[in-house]
Amino acid sequence: MMPFLRTVFRHGALPVGIVLLVTAFGGVTGNAALGAAAAGACRTVNLFAEELPPGPGGDARLGFGLSPTRATIPGPLIELTEGDCLKIKLTNDVTAATLQKLKTKFGGDPDLPLAVSIHPHGVKYHRDSDGTVSSNSFVPPGTSRVFTWIASPGTAGYWWYHDHVVGTEHGTGGMASGLWGGLIVRRPGDPKPDVRTFVLAMGDNYTFNLQTWPNTPTFVAVQGQRIEFLVFAWGNETHVFHLHAHSWADNRTGIPQPGIDTATVDTKVLGPSTSFGFQVIAGDVSGPNNWMYHCHVQFHSDLGMMGFLRVKPVA
Amino acid sequence: MMPFLRTVFRHGALPVGIVLLVTAFGGVTGNAALGAAAAGACRTVNLFAEELPPGPGGDARLGFGLSPTRATIPGPLIELTEGDCLKIKLTNDVTAATLQKLKTKFGGDPDLPLAVSIHPHGVKYHRDSDGTVSSNSFVPPGTSRVFTWIASPGTAGYWWYHDHVVGTEHGTGGMASGLWGGLIVRRPGDPKPDVRTFVLAMGDNYTFNLQTWPNTPTFVAVQGQRIEFLVFAWGNETHVFHLHAHSWADNRTGIPQPGIDTATVDTKVLGPSTSFGFQVIAGDVSGPNNWMYHCHVQFHSDLGMMGFLRVKPVA
Amino acid sequence: MMPFLRTVFRHGALPVGIVLLVTAFGGVTGNAALGAAAAGACRTVNLFAEELPPGPGGDARLGFGLSPTRATIPGPLIELTEGDCLKIKLTNDVTAATLQKLKTKFGGDPDLPLAVSIHPHGVKYHRDSDGTVSSNSFVPPGTSRVFTWIASPGTAGYWWYHDHVVGTEHGTGGMASGLWGGLIVRRPGDPKPDVRTFVLAMGDNYTFNLQTWPNTPTFVAVQGQRIEFLVFAWGNETHVFHLHAHSWADNRTGIPQPGIDTATVDTKVLGPSTSFGFQVIAGDVSGPNNWMYHCHVQFHSDLGMMGFLRVKPVA
């Protein structure tokens, strides 16, 4: 029933730090394909919810992957263009025993089913793809279910997706374990970054992508490249994202619109579940350096909620 | 001196859940009239601060009503159009004993007068309508006072009003007891919703409108109807409003403006006293369902800070 | 080595309340000069980090000043125009003993150097002006170092600057002690206020500019004057700025743009390190009064996080 699980533990031990980054980026290689569905037609991808080696203190770690052996935290970045739709066949390879433990730990209702789900932000979906208990759209262990996301006009943005049923009916245990990933909907004609999108999840216990420094991702770009960040938050805490030496327009893309007096920002408040993204030119004016990104809540950064964007000089 | 008080207890016991909703909407029936004042002329309405049956643990519950028997939590939604002005004759039917209890509970200064007031956000007002102790504009028990709000050009927005003197000079006890309501200022030509505006106050103790699930309001609309939310926060906590399967532009109305790259959002961070609103088409693309709204701070939603927008299919 | 220190204590004892305001404004007198640098040329100013008399409970107080005797909390407001650059020669007059105490108190790493720095938001800078330990750009006691800020096109905004190395590598001890100030970058043609910009730092322990009521600044203007607020936050807490009887567009300047449906706000959520500013007409429509500004987190305002904008009638 759970044929992939052993494989995950054999081949897919959760990498840390920069290695996690590379592995996470591995999950992104299917993005071009994900975004290629023509309007009206729905492309199908497979997604797997997997158990990963536990985190500090033995906390459960769960991840989404495009194959059972490639589950990562965060899960694969999904990119769509307005007009696309996407059918995600989600297979739940998490054991009932693990789900029960999380339900006990997070205080879920006795009648909460043991299952995982996937709930997206920003895009549209019907009742059967809500990913909630109340909409009866979840995936028991050892089974699969199709969720359909519709990137209708107006949905362009930097979003995320997450489990909504593990631990509690709001997915508190699923999110604490890592069941989330980034979702981008582009508008036709939007510029694309020169390097893979940098995805950061700001969460409980002062973590980026469930890690603290020095295990947080180091993102690498060459000065002058167009880079893109997607930042989202999960859990219980308020965070403030700050990137040194770069700033962006506080709008849909981060790119200023001439004549529109949108504020420019280099910090952004996030409450749980808010997300944003931006494109900037790496090292523009500021030049090469290991530029720090961090939560600007002081005790969060002091406890390790930080990492670096390495802007390399042009060769 | 307090002729209405017994009436409130006889006829106006605080309804719960969906019934509260209907009663709250009952208070809205005067909206068209409230908004009808011509520019330059000030229409007058009567507003009453009333004692309501206590909440869980015996906490005081106070409400505003267009008549003494119709006090609700939240108070009546007040709608204006830029150019309007409104004179609110506020009668304080709350006893000095209750106000003293709240002053003791919330630690107000010894010289804090026993009174209620009404302080609006977004609109303009003179010193005598500030609703503060420092501006000497409050209403002792058994008396009335007129507050004048001026919806001058530029004040269009989704706002709220609240007491500013009960418990402390910042109205902490008044707000904790329910002395607040929604306020909308429209620009001439703004679209109006097809059903009454859905008003949600996110507050302390994981509450919407001082209730937790299953006593939070269920809002009802038919797929395709234009609906409108007004959401504000009070108290001490940061909240994140999320509505499933709908999204809106992060601007004045929620309606995207062509050519302007405003971010689209489906979650919104609120600190105490911030407010926002938006119009969307119920079930657009997503179709009928009981779509969840909730605070996305996980422990808030897990403790009951949630409810539903019921989108019914077209008959 | 620290020739100015005694002078500070003799002449520069930290003023409180309205006097602090005046003194802080004293630091602003150099602003016109600071903003006068032509594009391409870098003007140099001297900045000094100084010890000030301790705060309540003996907490260290440190301030920036344009001269050693004029260090204030907040430090001098720095105004630039897009196209400017500014070289800041920062002299560290804080003793190693004081820096060691702060390192111990805030739990800085054993290898954290004893130093101060200056890190700006919004503008651009090279690695050697980052103001961090990781970029090796800090100032040991008794020494000076030049930091260069580049207000390149697109950097216009209401920003702040702060130490990034005292106490911890994130400057948690420097910020708690007062090592910060306001920074404005204007776009050519932006209107300027009729009176000096009102600068407010919302921080830990319910403070504006490290003070609680009645020691918070009272800002004074005449009805009809164009006034300007710059508000930023530091520390660990989320705050909500509210000003009575005034509102502003939620954009770069606070001034509405015709035809753009930006939300109008009179409250603003700030997480640590976010900043914003706005221009409004003092007492417009609302008239003269002592209009309260305060944090709208109720227990913050109840504990003294408030002050007044005194709008005087036209003589």
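Chains here go by letter, A, B and C, matching the order in which they are written, and residues are numbered from 1 within each.
The criterion applied here is as follows: a contact is a pair of C-beta atoms (placed from the backbone, for glycine too) under 8 Å apart; a residue touches a chain by one contact, two chains touch by 3 or more.
The shown structure was predicted, so the numbers you read here are calculated from the model rather than taken from an experiment.
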Copies chain B and chain C - rotation angle from C-alpha fit, nearest 5 degrees: 120
Shared interface numbering between chain B and chain A [over half = same, under half = different]: different
Centre distance in Å when chain A and chain B are each reduced to the mean of their C-alpha atoms: 35
Multi-partner residues of chain C (at least 2 other chains): 238, 260, 269
Residues of chain A that touch chain B when the two form their complex: 106-107, 119, 121-122, 124-127, 130, 132, 134-135, 150, 152, 154-157, 168-170, 172, 175, 234-236, 238, 249-253, 255, 257, 260, 269-276
Of all residues in chain B, those that touch chain A in their complex: 238-240, 242, 244-245, 247, 256, 260-269, 284-292, 294, 296-299, 301-302, 306, 308
